[in-house]
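Paired with chain B in one complex and with chain C in the other, chain A is shared by the two complexes that follow.
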Partner chain A sequence: MTGLAARTADTAPTAVFTGIGVTAPNGVGTEDWWAATLAGKSGIDEIGGFDARTYPSRLAGEVKDFDAAEHLPARLVVETSRMSHFALVATAMALDDAAVDPASTPEYTMGVVTANASGGAEFGQRELQKLWRGGPRDVSPYMSIAWFYAATTGQISIRYGMRGPCGVAVAEQAGGLDALGQARRVVRSGAALVVTGGTDSSLSPAGFVSQLPTGLLTTVTDPLRAYQPFGTEASGYVPGEGGAILVLEDAAAARRRGAGRPYGELAGYAAAFDPRPGSGRPPALARCLRTALDDARLRPEDVDVVFADGHGTPGHDREEARALAEVFGPHGVPVTVPKTMTGRLYAGGGALDAAAALLALRDQVVPPTVHVTRPDPGHGLDLVLGQPREIPLRTAVVVARGHGGFTAVTVLRRTG
Partner chain B sequence: MSAFTLDQLKTILREGVGVDEAVDLDGPILDTPFSSLGYDSLALLEIAARIQNQYGVAIRDEDVELLATPRAVLEYVDAHLAEVA
Partner chain C sequence: MRPMDVAITGIGVMAPGGLGREAFWDRVLSGRAATRRVTFFDPAGFRCQVAAEADFDPAAHGLTPQEVRRMDRAAQLAVAATDEALADGGLDLSELDPGRTAVTVGNAVGCTTGLEQEYRVLSDDGRQWSVDHTFAVPQLYGYLVPSSIAAEVAWRAGAEGPASVVSSGCTSGIDALGQAAELLAEGSADVVVAGSTDAPISPITMACFDAIKATSTYNDDPEHACRPFDRGRRGLVLGEGAAMFVLEPTARARRRGARIYARILGYAGRANGFHMTGLRADGREMAEAITAALDQARLNPQDIDYVNAHGSGTRQNDRHETAAVKTSLGERAHEVPMSSIKAVVGHSLGAIGSIEAAACALAIERGAVPPTANLRERDPECDLDYVPLTAREQRVDAVLSVGSGFGGFQSALVLAAPDKAAA
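Showing the complex of A and B:
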């Protein structure tokens, strides 16, 4: 079994990222968002989409001034929820960025693998309200297809005629990285190109309320102090919406079609699941980090930066910091949490962090972690705080942990 | 009661299910199949629901798939409007 896996890895195609599209709370459009991220500009604010003043948590990273009808055909807008709008717009950006023309690419060589965690919460609430007010005849027939996790993958596949392997990863916040791992499998099994990544949007009242019972959302109401991962004032996290879509290609196929220099290679990936609570066994993250590095055939000292999960609750932060210190050594590698500017985007989170890591590799700069007033010295982390840090970057690790035990790690490597 | 007009149907299409970018609803569409206008079976269900809500004519689900063109919808609704009246 090991022998087969090793041989597969030796002869498998290299999977490289050639396109990025972003719809994030602190920027729509890849370069706008990246400039905002390097500048430390946060998209976390009081919820504006509905009146949240009576809710215990009142902040979110909303994608403001986003009108799907400006970007997408009217027929598609009525059929899809906000989570899919973000993904469809980001897909158009990513394909444009990669200079891919799907219409002239054989349809069965293109796949779609996205992540989703919350479903079409906004669409679902609207239609439930119609059911309650007017009865069944008022409910859109598109309710049957708009809400579910695979809706985004399906709509991208239909819009661009991508009829190769398609799928959806559902693993809460870890799913955005699991989608990338699955996309690499699809490339290794012969696809030329996969549209991957993830988006979520659950900031309608019903979607927001369904997040409250975990008790993990911060109740701090100051947008500048609410979400402080690895800080002594860590109080929980702020939820957000949006995400990123990436184009992953077989490196040889990309070269053949004359693609520009890729952003980087998906060199390593691993997924793991935490042990049952109370079992006394450690969380899966350290093991997952080692497995992903083994997969990339790299050692911890080869890693130049870690994009941490940065949950923002003291227990989760402690677990992650311990795993990072165990694998990389105390203060052994620069660590950053740019999601302090967006909130946690669930399925969009890992995908957006992967986009940030790829642009960090391109520009040789680590984006900052913001709003953490006092990092907890007990964590032993070299946190990139307040300002971006320009350092040579060849290898970036991205960590994502999902509620309930989902754990995923990707290793991204600069190409050329 | 007056007849159900193409303009009224077009309003329902625009408001309810959107218009495909490649389609001109103001062109000669009376006998154009809905599938060629970019409307699938789910869109037709939505159109039928809106006609029922706004004009009181119930289009049975099994009849929806028989209404292949705008003309077929206008004739169906007209016939049943007469019954309602």
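Showing the complex of A and C:
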């Protein structure tokens, strides 16, 4: 074997985040996005990418003013879809942020694990249209490599010569955290570095309309009132696009290459699945939170902030609030939902929340939840509303729940 | 690398020409191809008009009308295979801890068949770009997000532990089993219902493979359209299907006195970091994956009694993996039988890795090596023992199964008999 040293469980390396790249509806570039997030600047607006005026839901968090060709080689832009554009641009930022030079890092010690929820919707719709209007010979040869769920991981691996273990996690909104958990497994199996996180874009007409039958998207048309998780006016969620890519490293390997101070450690992770509908059994989240804390060898009182899933529909909000109260006690921990500024990014959502949590640990400030006019007092949450909250932060929990019952929790811990 | 020792205690297979584990095994041993002219739609106008279709009726496999409507074909196949595996595994579901039961489903192209059908209606066969939302059916979101497949399997098994779809293209079927074994090795679950599924025989997927000229053009001879390692091979033939397994730590399986088909002892994946569809001739990354998987299994090349090849029947693949096996197994490469079942069941993308693992587990349990069908004249560049045409009865204690896919992913899985000792 070249470079992948065998390790046993009791010497499992510590996995730390050393780089962040963001392409989000309220900011492209990690620091621009973070400044916007702290300022409460929202990227939710009327859909501009296509005509949504006839649809019952008309809002989205689109990444505007994003021209992939400004950041990527022309050939790569053509052979990939928008979800991969976001990831490739974010990866370049994250590697730059981590000051990693892939070309001088042993190839089999670098892995790539990304999340994806719905594939390259706009690329897929375009080629389906060509097929059904013109015939099979009109379909682009890039369709076979652009739309599928593994496209992003494959392209990152190829662009940077990362030839170690790779993977693709698919669990709707929970997948973004599952990717981080799988990336940590890859680090523990001996890899030095894993590019991980997630991005999604399903904002083509067919991609958007495919989301409507769940009845979970808000039909409110005022961007300032549409997505109100844990609020008395919760009416559903707004979908978005984009996400975040993170560099996760073996802490010892990062030290050896002279990396700067990591953003934080991936100290705990757990995944679970809700009971079959109608079973009467409790949702998985409280159990998943406890498992993740056990994994991090921490107690609920060690947690300084929770980045909640914040679905924005009354039923889901109630379930999540109940689990948080059960584990942390009523009003037991500050809770925030910065995705009120982006919408739900599906596979990109958990990754972006992890990025926000890492920057919160760095800057000792909790980003706000916006647009929630009246938090539902029945939820018993200490929601960080309107303004950022400066408090000492050592440990952050990130929650992501995916449609159907997918549940994932990560525990992020400030290092040093 | 953490050691893994995972028992396969239940197997369910839905494959072309073989619905159900026993029918599948008979079919792959027979070497009779299940490839035929496409019947699911009119393939006229397509470059490749052949596929390995399963004559699968979900109602005959116990799915209710609402389940049939709710699930795309990929999920239906997975659920039918799950039911068979659970029954075969002899698990008492009421005695399992739901939170310690996990689900890992490999899948490459999601619910593409259902998505395409519904897209045609939404867009009126592509006439509208701004599609008509009033034609959106309730199950459409489940088609958009293939995680719905893992949800269906989890509901079937009453699983409330970690659940996910592993979607690394054509190695998904191996990677799902590898990740399931990792979950058990790290102690995150007691039992994993794992495997993979795909149902890609639809116009858009056939057109995708046409566009890159990866599929066979033997349209006038459908049963001999896929010819792995043969001089006259012209490409792969798409297939569909699912294989699901009950996996548990070997120690647990022994405690409950379960029948153990085989054990998963090693898994590794590498990427070629080279090209999304192209392969480097030397097969270096696949060789790396094989060596790493053998190391984890603590087995030597000499221990391997059978290699289940990716053997897709494309010109570049068969050369590539022949080189990879030579590099990683050394002298043993020239002695060990190595066959591909894809000439019989087709290449079912994300599903095939698990379907092949089912063949490997049954080869170990029953002491037989399936043949490479349609291999009449070996390509001079492919100079190993590919078990042409006829199955062989022989003792099989350890098996290597490999996969290769778009994105440059290369995966290897090592399985061994219940009583096989480490080297």
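The rule we apply is simple: the second predicted complex is superposed on the first by the 406 of 416 C-alpha atoms of A that agree within 3 Å, B and C clash if a C-alpha of one lies under 4 Å from a C-alpha of the other, contacts with A are read in each partner's own complex, and residues count from 1 in each chain.
In this section, a contact is a pair of C-beta atoms (placed from the backbone, for glycine too) under 8 Å apart; a residue touches a chain by one contact, two chains touch by 3 or more.
Every value quoted in this text rests on a predicted model; they were computed, and no experiment measured them.
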| item | value |
| --- | --- |
| Contacts of A:78 with chain B and chain C, given as first, second, both or neither | first |
| First, second, both or neither for A:140, with chain B first and chain C second | both |
| Partner chain(s) touched by A:169 [first = chain B, second = chain C, both, neither] | second |
| First, second, both or neither for A:154, with chain B first and chain C second | second |
| First, second, both or neither for A:404, with chain B first and chain C second | second |
| Partner touching more residues of chain A, whether chain B or chain C | C |
| Shared contact residues on chain A - chain B and chain C | 79, 137, 140-141, 144-145 |
| Footprint of chain B on chain A - complex, ascending | 73-79, 134, 137-138, 140-142, 144-145 |
| Residue ranges of chain A touching chain C (in the complex, touch as defined) | 1-2, 4, 6-9, 50-51, 54-56, 79, 107-108, 112, 116-119, 121, 124-125, 127-133, 135-137, 139-141, 143-145, 148-151, 153-155, 157-158, 160-172, 174-175, 178, 182, 185, 188-190, 202, 205-207, 209-214, 270-277, 281, 284, 287, 346, 402-406 |
| Chain A-facing residues of chain B, complex | 16-21, 38, 42-43, 45-46, 49, 52-53 |
| List of chain C residues in touch with chain A within their complex | 1-2, 45-47, 98-99, 103, 107-110, 115-116, 118-120, 122-123, 125-127, 129-131, 133, 136-148, 150-151, 154-155, 158-169, 172, 175, 179, 182, 186, 188, 203-204, 206-212, 214, 268-277, 285, 288, 291-292, 295, 405-409 |
